[in-house]
Every structure is written in structure tokens, then in C-alpha cells.
Amino acid sequence: MTDMTTETTSPLGALTGRRKFLNNWMTAVVYGAFILALIPLVWLSFTVIDRGLDRFFVDSNGENNFNWDFLTQDMRNIFGGMPEGGIFHAIWGTVMMTLAATVISVPIGLLTSIYLVEYGRGWLKRSVTFFVDVMTGIPSIVAGLFAYAVFAIIVGPGTKLGIVGAVALSVLMIPVVVRSSEEMLRLVPNELREASYALGVPKWLTVMKVVVRTAIAGITTGVTLAIARVIGETAPLLIAVGVADSLNYNLFDGRMMSLPVYIVSEWRKGEQPCNNPDVACVANITEMRAWAAALVLILIVMSLNLIARLIAKYFSPKTGR
Amino acid sequence: SPSNEEEPTDSSTAGGTESDAPEAMELSGSLVGAGASSQESAMEAWRAGFQGMHPEVTVSYDPVGSGGGRTQFTDGATSFAGSDALMDEEEYAAAVEACDGDMGAIHLPLYISPVAVIFNLEGIDSLNMDADTIAGIFNGEITSWDDAAIAEQNPDAELPSTPITIVHRADESGTTENFQDYLVKAASNWPAEETSGDWQGASGESGPGTSAVVQIVQDNTGAIGYADASRAGELGTVALKVGEEYVPFSAEAAAAVVDASPLSTGANGENDLAFELDRTTTASGAYPLVLVSYTIVCQQYDDEAERNLVTEFVKYVASEDGQNQAASAAGSSPISASLSERVIGILDGIAAG
Amino acid sequence: MSKRIDINNLNVYYSSFLAVEDVSLSIEPKSVTAFIGPSGCGKSTFLRTLNRMHEVIPGARVEGEVLMDGVDLYGEDVDPVTVRRHVGMVFQRPNPFPTMSIAENVLAGMKLNNKRLSKSDADDIVESALKGANLWEEVKDRLDKPGSSLSGGQQQRLCIARAIAIKPDVMLMDEPCSALDPISTLAIEDLIADLKDQYTIVIVTHNMQQAARVSDKTAFFNIAGTGKPGKLIEMNDTPTMFSTPSEKATEDYISGRFG
Amino acid sequence: MFTNQRRARVTTTQEPPAPQADAQEYSTHPGAAANRLFGGLSAGAATLILVTLAAVATFLLIEAWPAMTASSAELSDKVHWLGTESNETLLATIGFLVYGTVLISAIALLIATPLSIGIALFISHYAPRRLAQGLGYLIDLLAAIPSVVYGLWGAIVVIPVLQPFYEFLERYLGWIPLFAAADDGSVSGTGRVALSAGIVLAIMIIPIITAVTREVFLQTPTLHEEAALAMGATRWEMIKMAVFPFGRSGMIGATMLGLGRALGETMAVYMILSPGLTFSPYILQAAQHNTIASYIALQFPEANQDGVSALITMGLALFVITLLVNMLARWIVSRRADFDGAN
Amino acid sequence: MSKRIDINNLNVYYSSFLAVEDVSLSIEPKSVTAFIGPSGCGKSTFLRTLNRMHEVIPGARVEGEVLMDGVDLYGEDVDPVTVRRHVGMVFQRPNPFPTMSIAENVLAGMKLNNKRLSKSDADDIVESALKGANLWEEVKDRLDKPGSSLSGGQQQRLCIARAIAIKPDVMLMDEPCSALDPISTLAIEDLIADLKDQYTIVIVTHNMQQAARVSDKTAFFNIAGTGKPGKLIEMNDTPTMFSTPSEKATEDYISGRFG
């Protein structure tokens, strides 16, 4: 390649044009990749915010007034193009199922990572490491099928309960918790363990009170991110939990709605026929609901991320300087 | 009606008790059904209407699909089912088992919806087609809008040479099943011989659910698809050749074909209103491309409260009020007054105990 | 407090690698013993066998006897956890627990073992340990600040306070000053001089001047080459070692011929 | 380390010999049992993971068994979306679906990997530090956006924008089979094609791959970066010399993570693609491909018991694919372990 | 090859923290200059300003002049990349590229400027650089093995080979032996003695004996306390520095009074 750049007359000799060109070119490529990738991501965020707000500007008469109904109503007795209808039940369903999944996953995941970092040896460690990787790769729909199949065999065919969804979610969540906690536990410097052992502290107390305590910020962050990872899962819940239109607090009885499933089922309903002029009717209310629910879901996930960061900040070892 | 004079009983299936003020028809408890998703919108309206009349009642309907609905019903998991298709012999037998007593279950055609063939051509609202032309389009033989087969039947329309884009449902559905049943029976050139809920024609664009199909047709000039007529919106629709005339879809025309159809040969007695839809009808003003979705109920319920909930709810569905509610919410065709009366009569005869 | 240690024919392994070979020596109570030698010769490894910290490393093991006032620390009935309460240790890099305050760090030996302490007992222990480590004056007003907010030298003294709070018999120190600035180093050296009235102290150091300044006896370890085991070359009173070592290698090392 | 037995012996010894009495001072500490219990508990949790995974495989197998063992005639009798003809049997259907799944994921990966590496490099080595931190946070947030939102956005907003671009692609690159038009000379008018699914999946996995690669790049030892710079390397040369080799296994891991997501993604594909079952290479035509996950989601609602069994068989196939991908990744990473930068 | 360096009034900052204050000194060509001083006094920081590696750290900057044969390295037209070609560097911890073989490591710098190196040229360069680093005999049979398969001392010599392969004028070494065992240390010291026939060498060391053994001139840096900037205390011929330093601080440091 010939000289592509104007060279300064450096007293120490200049870079060859090719190297300078390549360096500049790659800088441009990296910036380009970044900007290119930013376009869809910004576009997506903008779309969700823009369209997600529409539903909040529809009141119960179908008029253009801002209100919070969407967050406080459920879908009981809502049909057709009725301008009401919200996600109260779906928020609760999401919260309950995700919470249950967390309660199942965190102890198992944390103990496993402790095993891997502090105790593991030989084939068990190797196979657990490998299979945790495998588990990370389980497609979410397969997790849903698994939970569905387990309950179909144990309870009976067609069993769809909140807890089935929670089980499906924890299958997806456990490996994430194990991986992130493992990483965090490994970051705890050995010198702290040794300091503790040298004080005559038995291993398990060292692990619990020094290692886990030191890593707790990272572990909580990991757990929060794992929650964020599963809170948006749709396919497994569609299969394992089904849909519901009103509030259900009971994980062990009846179906539950969740935000992602809500989004899909509203999207599927499509445009509604509005052929009775006497009744308030908004033809594209279902699409509005889908976008609004997407907005709320993203906000929830983002606040989880934010909380994770705050927790990390709060718990992280103080450096004091 | 006798159902309301019964003493309240504790029920396990219906999960509720009935109040002892019979005149006011105060019902309570929960009623569980499952089945066809085609009825989902109408069912939302019915449930809302019924729950409005009986605040203590919760009706739930799980749109698991026709097959799933029938299975859950014959397993005894639900009190009624919604189904786009008729039960087969096995299911009839299983229903006898599930329904208390040996009278088994019956079909009630309470959701009738014309299926419209929708298309997107600028400036054209309606086209006439016979079954063979529609089959020709959907099996991929006719690929352009100005094809002679179409032009012949529409001398007045200015047909562009736009290529035809076929749009169908990606998932299994009752709409597809009825559409294909029409083509199997009314057209001579449809490749499949048996009706199925899965697409059997030429492959084209497809999407999950009615709204996706409508969306795709809306977004693409030259596209043609089929969907619940209520969703046709601004799109062009096809008038079907029935006898010698071309009939556009309408609520009355759809209901008419049901009235003109004979009962299925496998029906479970005279109370079982299982129609063998006559797709080749020449009855004037009938629109044979309809989807009939049945409500399947038992002829007898052990549990008094359950019986009352089922009959009252289904009576409401069959009533003029209920049918109009569905028509406005879901765009279905109200059943004829005579059919409505007949259904209510049958429901009154459902036994308890 | 303060006990004597006798080591007999100790071989120390990392899995199959013999890191230290056949060491026998005796450490007197209430004295400071210094280990010197070039890097990699096994000083740290050997030191860690004295409180069974060596076996914390996977695959690490020991052959031979370590007798503390006659009891073999590697005997069958001996629990390493208890051994470590009798033999305290201070590491090369100060390592206070970053999640604990200064006071909690001092009490870590008890707190981590779930011991219940009354508030006044705890305060007493903190004060006496920090005084013992010459740190009390500097930190008494900020006992609830994180331990990591201290300077390196203060952190190291905090670690010493933490170690003496559990009242061990012996104190092991592995290059306790090598990460510190000169001023902190002096403070620690003074502290060692104080501590030897009560404790048996063993210190590893790279700094010959330091060994000369603080220790009563000095042991010189050497290694023939990488992959070879480290060996004890000679051990003697410190003045003797630095003036008239009996081995050539010792003389070379001390005179700076290598290292 | 110490069994109860030993402790019992020590505590019951009445008259121990003199040194033994002293040894007692060093015997078992209180709470040794708790120590063992905790160790056992953590090993138990680890084992539970193996059990769960075995359970996933077993339950899927049990549920899939009826469909796997039934003859194709028997099966097609009960499951009407499976026919008797050779290209409609369960096995053939799975074949089409596996092809579609792999094709679409490959498109996604091909687009996402270079872009992600670019972004990760930008954040780790090009952007000013302040900005980089903010961007890192932003990327983390985007990684957490639920896939159903990507699906919704893709189906409603993106496809109409992409379609004209496809016509352009066909016009100029149509001679490549990949971009060939259908017989009637046009590409899909709706844009509901494999390429769209691939693009939306790519956008979906970019934040995931970026988040991981960024971490890996940031962990490149300064030692190696400085070694390269001190030799007179430019920034790009330093990246080639120190950052990429060090991050190689991390990048592969991140890519596999993204691939895993893409392979298993359901809703986005379900909402975006006009499905079909063929082995065709035409990614600009409708009704050519489908993925396993999307097929399951499409058929599950109306499926009867045998249908569910057949669908679970497909789920099993998907599970096996992801397993293979994982093993492949491990193999690639371990192949040049000698030269691995992470050592 | 081999140039002289004159530093005039150099201040070195990390963001707003002044790490090294007002240093002026001259480094003679074809000589070994040693920098000594307590930890944290800014030896490494100062050394890295000589090949503009300092500015690699975000926020780091420099005020003053560094003249190499009269050309200011911080002049407007000077590209840091070219500066680093002229001034090679060897780090405290050996850092061969782990993904490259031994031969590739040696050629790493060459390849940058000269994409198409003929096989025989490449072989020649590898051989001469490895011979120059006294490593040829030990590795000539396994040039295609990963660089990380060598021992620490060999790795460090490999890094030196890598640095001399690009034929710099000046060679900077930041504690090149501190991670090595005594035998490897000797090998490197011998090598430095050989290299000074061709290169200007600047070496940072903690080890006074080492400074005494290898250097022609010695510069002593000191620091008044944490947070204060490091300063050049004095610089002189090595024998003079070690026998009759003119500053009290130098004497204290050299005699082992602290550090």
C-alpha cells in the first residue's frame, strides 16, 4: 500500500504510511461499529418510550387524558376495544413468579458456587462446571417444556400453575447465579481466607463470614442481573403457566399472568372491531397495551439493574480513601 | 326455571355455593371452561356481561385450543368446552364417562362468524369469486391479479397485474380449518382431500393469529388472506359464488347457512346441535364460508350448583343480549332467533343430580 | 504464652514437588528468630508449616515432626483449626478484612468464631491489642472506620493487633515490612522488639539489615537451583551469623554476592 | 478432617499419658460438625444441579418417548400437522427445523459478532474513560431488555423499514443464491423472512456479546498491553498483539453465549418470521424456514397429547444442539490451551 | 545506536497528583545508569517518561523536556510510537506474549514494521537477538514452543531479546530481576554488562548490591512521605555514591538504615 496519510516530519522518523493508515482505519471501524450498533438500540428505546406512553393517554371514555389506570387495573371484564384494561395482575404475577424462582435458585446457585470455589475437587467439580455451562445454554422454551412435563407427570396433564412457571424460570436462573457468584467468590483474594484461617477460624465460617461477606456486593448484583434475565421470559411461561385476566396471588392454584405473556397476548389480539358507536371503543387499544406493558417491563428491568448497582456500592468493601 | 329452586350445595367442581334467593337468580362460585381461541374475544364479552349480572360469579375460559378444550372437558377438568370442530366417536364416549349420568355431552352452536377472504388492492373494495378461483389462488395456480379467472367474474373491476401474495395462518386454527373445509367441499381443484387446521395450500406469507394475517395483508398491496370477517376492516373482501349469485359476507348470510345445514350423522340425539355445514349450499343469501364454534356441555351435571352456573351462563350466551354483545365486541353473527330459542329450551332440560 | 518449637527432619511438599528438604531446628521461646535466604528457597513455605497453614493449599503436605512444647502439631488428634489459634500469623501484605471496621478487625478472631463478647470485654480486648501493636494512639478516635482506610504500615500493625488479640503462643511473620515504607518499617521493627517479651516470634525477611536489627537467632536457607528443594544451610546467633558465618554460601549471600 | 470417632476417643480417655494431655489442647474445635455439614450441603447443591439436568433430559425423554417410538403413520394419524409422506414425518420436520434454527442463528451471529467486538473495543480501549463507564452501563441495560420487546419492535417497526433494502439486495446481489428471488422474480413483500429474523436476533444478542467481551478486554493484563506499546506498536497493533490473543477464549465464550440465546429464542422469531419447512438457502423469501423454538410456540397451544409429545421431541433436539454447541466451544477453547492468553 | 538523554526540569503527574518533581539529569550513551530509592519514590514513574509509556495511563501527563541527542521526545511532531521504537523497555515481571511461540515473541516487534520478512532473515534475527540475550543455547531446540513455557529467568531474557531485536538506541529496565531467582539474576546481570557496549541502559533496582555491581552511574530518588512528590536527591558515579555520598539521606538509605 502506498502512503495514505500526510506525514509530519518527525525528527525520529515517522511511522510507515501503511501502519498509520491501518491504525486510523481501524479506529474508524471501531467507532463505526459502535455507532452502527447504537442506531437500532437507540431506535428501539425510542420506539418503546414513544409508543409505550400512548396507553397512558387513553382514559376510560377513550378520551385523550393522562391517567395511571393502566397500572391499577387488570383485564377482568375487559373485551373488544374497551379503552380500559391494565397490567396490575400481570405485574403481580411477574413479581410472584420471579420471586419464587429467586427463592429456589439463589440458595442452590450460591451453595453450588461455594462448592466450586471452596470445596470442589476431581470429577464432581469438573462435571458440575461443565453441566452448569450446558445449563446456561438450555433454550428457555425447553425449560418451559421441562417444567410442564414434570408437573404433567407428577400432578396430571395440563397442569398450569404459577409455580410451574417459577420452576421453569429457576432452571434458567440457577446457572446464571452459579456463574456470577462463582466469579465473585474467586475475586475474593486468597489472603483474606488465609488471614481468617490463621486466626483459627474453621473453613465454613471463613467461607460464610469472610468470603461470602466480602463478595456479597457482587453476588447480589449477579442475582439481580439473573432476575433481570428471567423476568422477561415469555415462551416458558406461555407453556407452563398460560394466561389469566385477573389477579391471582396463589402460586399453587390457577394460572397467572405475567408481563411478557401479557405483551404477546395483547399483540396477538390485534386491531379490535369498533362497530357500536354508543360504546367507547379504541380500535388499536391492544397494541397500545402491548407497548405500554413493554415500557413498564423495561422500566422494571432497568430499575433492577439500578438497584443492583446501588447494592453493589452499598455492600462493597470500603476502601476509605 | 327449576335450577334456581334448588337448595345450595357445597360443590367441589363448581367451587361455590348458590344463594337461597331463587327469584333474583343470585349465583355464585366459579365456572371453568376451556377451548377454542376463536371464541376468545366473544367469550371475554360474555364473561364480562354475565359477571356483571352476577358479581359473585367468576367465569374463566382458557383459550387452549379446540383439541385441548375437548380433552380437558372429557377429562372432567372443565364444566364446558369451546370447540371449532365436532367431537369424534371416542370423545363422545369419553364424554359419557365425564358427564354424570349416561346422556353424554352435546354441541351448541353459539358462535358463528363469517370468514372473509380479504385482499389489498388499491381502489377495489370487493371482488366476486367462485370456490375454484379461490382455490386456484391459494394453491398457487393463479399468481397474478389480472388472471383471466378473476377478470371473467369481475368485468367492472380494473385489475392490476400485481402478483398475488398469499397470506395464511402459521399456527393451527379453526379459521384455517373452516376455510379449507369450504375449499375441499366446494372447489374442484383444491389439492387436499381431508380438512385440516393446518395450512395445506401453497406456501406464502404467514403469521401467528388472525391479527398477524390481517396486518400482513394490510401492509402489502396484492396480498390476499382469510380472517374472521370482523377483522376485515378497510380491506377488500370477496363475495362468494353461491348458486348463481355472488354473496358478500354478512351476519345474516352466515347465520342462514347454519339454519340451512343438516345435523351431523354422528350427533348424540336431537339435543345435540352438531351441524354438518353445507358448504355447497345454493340457498339464496347464504354465505357458506363460516366458522361455527360450539359450546360443548353435559346433558346432566351431578352437582346442582355447577348445573345452574353452566345453564345460566350458556343461556345468557344464547340470548339475544349475549349474541349482540358478542357481535359488537367480536364481530360475530348473532344466531337466529329460532336457534336461540331452541338452545334455551335444550338448556332448560339439562338435569342435575 | 510463648512456647518453644522443635522441628525434626521436616520435608515439605507441593503435591509431588519437594519444596523444602529435611529441616531440623529449634526455636526458643521469647526470642525472635529470623529466616533469611534468596527468593524461592522455601522460607515462606517452611514458615507456614509451623501453624499448618501449608496444608490449606490443595495437594500440599508435610513429612516429619513439628513439636510445640513436645506436642506434635501433625499428630493424629490435632485439629489444624486449634493449632492456628495457638500460632498466630502476619502476612507479607497487610490484609485487614475490608468489610470490617478497625475494632471489628481486631475482634475478628472471636467474632468469626461466633464467640459472644460483652461490649465492655470487647472494648477491653480492642484497646489492649491495639496498644500491644502500638496503634492505639493513632486510631482510638476512629475505631469504627473501615480497616482499609489506614495507611499500609498502620494496616500491618492492625493485622498484628488482630493476631495478638487471640493471645497466641507463637507469632509467625512473613516479610511483614516488605510492602511498607521506611517509616512504617521502623514502627513495626520497634513493635517486634516489644513483643518478644511475651511471644515466641519467627520472622521471614529479605532484608539482611532488618534481620540483623531485630533477631536473636538467624537461619539461612538456600536453594541449589530452580526445581531443587530449599535447605537449611545454617542457623546461629544473629551476631555470629553476620560476622563469622561458618558456610561459604551464607557469607556470599550476606555480603551481597548474589540475591 | 476430624471424625466424630476421634473426638469421642479424646473426650472419653480417662488417663491420657502426659504428652497426650497436652495434645488435647490442640484437639477438635467446637463446631467441627457444622463445618462438615456445610461442606456436605454445598456439595449437595452442586450434585442437585447434575440431578436437575438429568431430570430435564429424562422428563423430556419420557414425554417425547411416545412420539419417538410411534411409527410415522401412527403418529401422523394423531398429529395432523405431521403427514405420512417422507418429507412430513417427525424426523424430516425436525430436520427442516434444525436447518432453519442453525441458519437463522448463524445469520444473527455473523452480524452480531464483529459489531459486538467493535463496540467492546470502543468501550474498553477507545472511548474516554468517563464515557466508557456510562456506555458500559447502557450496554448492560440493553442486555436486559426482554426478547419479547425485540420481537414486538421487530415485527411492527423494523420489518417495514428493512423490506426495501431487501429488494435492493436482490437487485444487485440476487445472483448469490442466498439473496435470490422467488420464481415470480420478487423477494418477500413483507420482509417476514429469515434475514429479518437474523437481523433482529443479532440486535438482540449484540448487548449480550458486547457485555462479556468488554469485560474480557478490560481484563487484558496491562503487562501485555504495555509490552506491545513499549515495542512501538500502534494502538491497533497492540490490540492485535495483546488484547485479542488474551481475550480469544472469552470472545468465543461470549459468542457461544449469544449463539445459545439465538438458538433458543422463541418470541422474536415467532413474531417476525413467515414460517416454512424447506432446506432452501433463500433468506429473502418467505415460507422457507422456521426455528425449533418458534415452531413449538406456534403448535403448542392447539396440540393434543401426541402433538405435545412430538413437540417435546423437537425441544429435545434443540437441547442437543445447544449441548453440542457448548461442547464445540469448549473444544475450540481447549485446543490451543498451551498458547492460551488466560494462563 | 546508543544515544544520550538529557532531562530538564521534569515534573510528572498522575492527573493532579505530582508524582515526581523537578528532575534534571543526564544519561550518558553506552553506560549503565541505575535508579535507586525507597518504594513509591517514583523511580518507575520517572523511567516510563523516558519512552513516553507514562502517558499510556489515563490522566497521566508530563511537564518539562526529555532530550534524546537533542530532540525533545515530547515535541509537537514526535509520535510516541516512534519514540518507543528508539527506546526499548523491559519490565519488572517478564511478560512474553503467551499466545506466541519463542521465535514469534522475538520477532513481534520486527513484524510490525516489516510485514514480509523472509524466512531466512527472520531466522537470523531470532538467532542474533537470542544470542544477544544469552538465551540461544537454552532454547534453540524449541523455538516453536510457547514463550510461557520458559522459566522466569529465561522469560525475562526472552523479553530482553524481544527488545533488542528491534535495535533500539536506549534500553530501559524496571527492576528486571526482582521476580527472579539468584541464578537467573546473575545471568541477567552478566547480560547487562555485555549490552552496555552497544546500548544506553537505564535500570531501576531495589537491590543496592545489584546497583553497585552493574551500574556506572547511580541516581538516588527519595520521597518525604506519602502523598508528597518523589525527588532526585543526588546522582554520581556509582563507586562515589556507595563510598562517599554527599547527602545524609543517601547514606542512610545505602547503609540500610531504612528500606
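To keep things simple, chains are lettered A, B, C, D and E as they appear, and every chain counts its residues starting from 1.
The definition used in the following text is that contacts are C-beta pairs under 8 Å (C-beta built on N, C-alpha and C of every residue); 3 or more make two chains touch, one makes a residue touch a chain.
This one's a predicted model, so the numbers in the text were calculated from it and none came from an experiment.
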| item | value |
| --- | --- |
| Mutual neighbours - chains that touch subunit D and subunit E alike | A, C |
| Co-neighbours of subunit D and subunit C - touch as defined | A, E |
| Rounded Å distance, subunit A centre to subunit B centre (Cα mean) | 39 |
| Distance between chain centroids, defined by C-alpha means - subunit B, subunit E (Å) | 86 |
| Chain centre separation in whole Å, for subunit E relative to subunit A (CA means) | 49 |
| Subunit D: positions in contact with at least two other chains | 29, 31-32, 234, 237, 271, 297, 305 |
| Residues of subunit C touching at least two other chains | 81-83, 85-86, 113-114 |
| Sites on subunit B at which at least two other chains make contact | 63-64, 68, 71, 208, 212 |
| All touching chain pairs, where touch follows the definition stated at the start | A-B, A-C, A-D, A-E, B-D, C-D, C-E, D-E |
| Contact set on subunit D toward subunit E in their complex | 129, 221, 223-234, 237, 241-242, 245-246, 248, 336, 338-341, 343 |
| Interfacial residue positions of subunit B with respect to subunit A in the complex | 41, 44-45, 47-48, 51-52, 58, 60, 62-64, 68, 71-72, 75, 77, 208-212, 214-215, 230-231, 233, 327-331 |
| Contacting residues of subunit C [partner subunit A, same complex] | 51, 53, 56, 58, 81-86, 88-89, 91, 93, 95-99, 108-109, 111-114, 145-146, 148-150, 159, 162-163, 166 |
| Residue numbers on subunit A that touch subunit B, as the complex places them | 76-81, 157-158, 242-246, 255, 267-273, 275-276, 279, 286 |
| Residues of subunit E that touch subunit C when the two form their complex | 38-40, 151-153, 180-186, 207-209, 212, 223, 225-226, 256-259 |
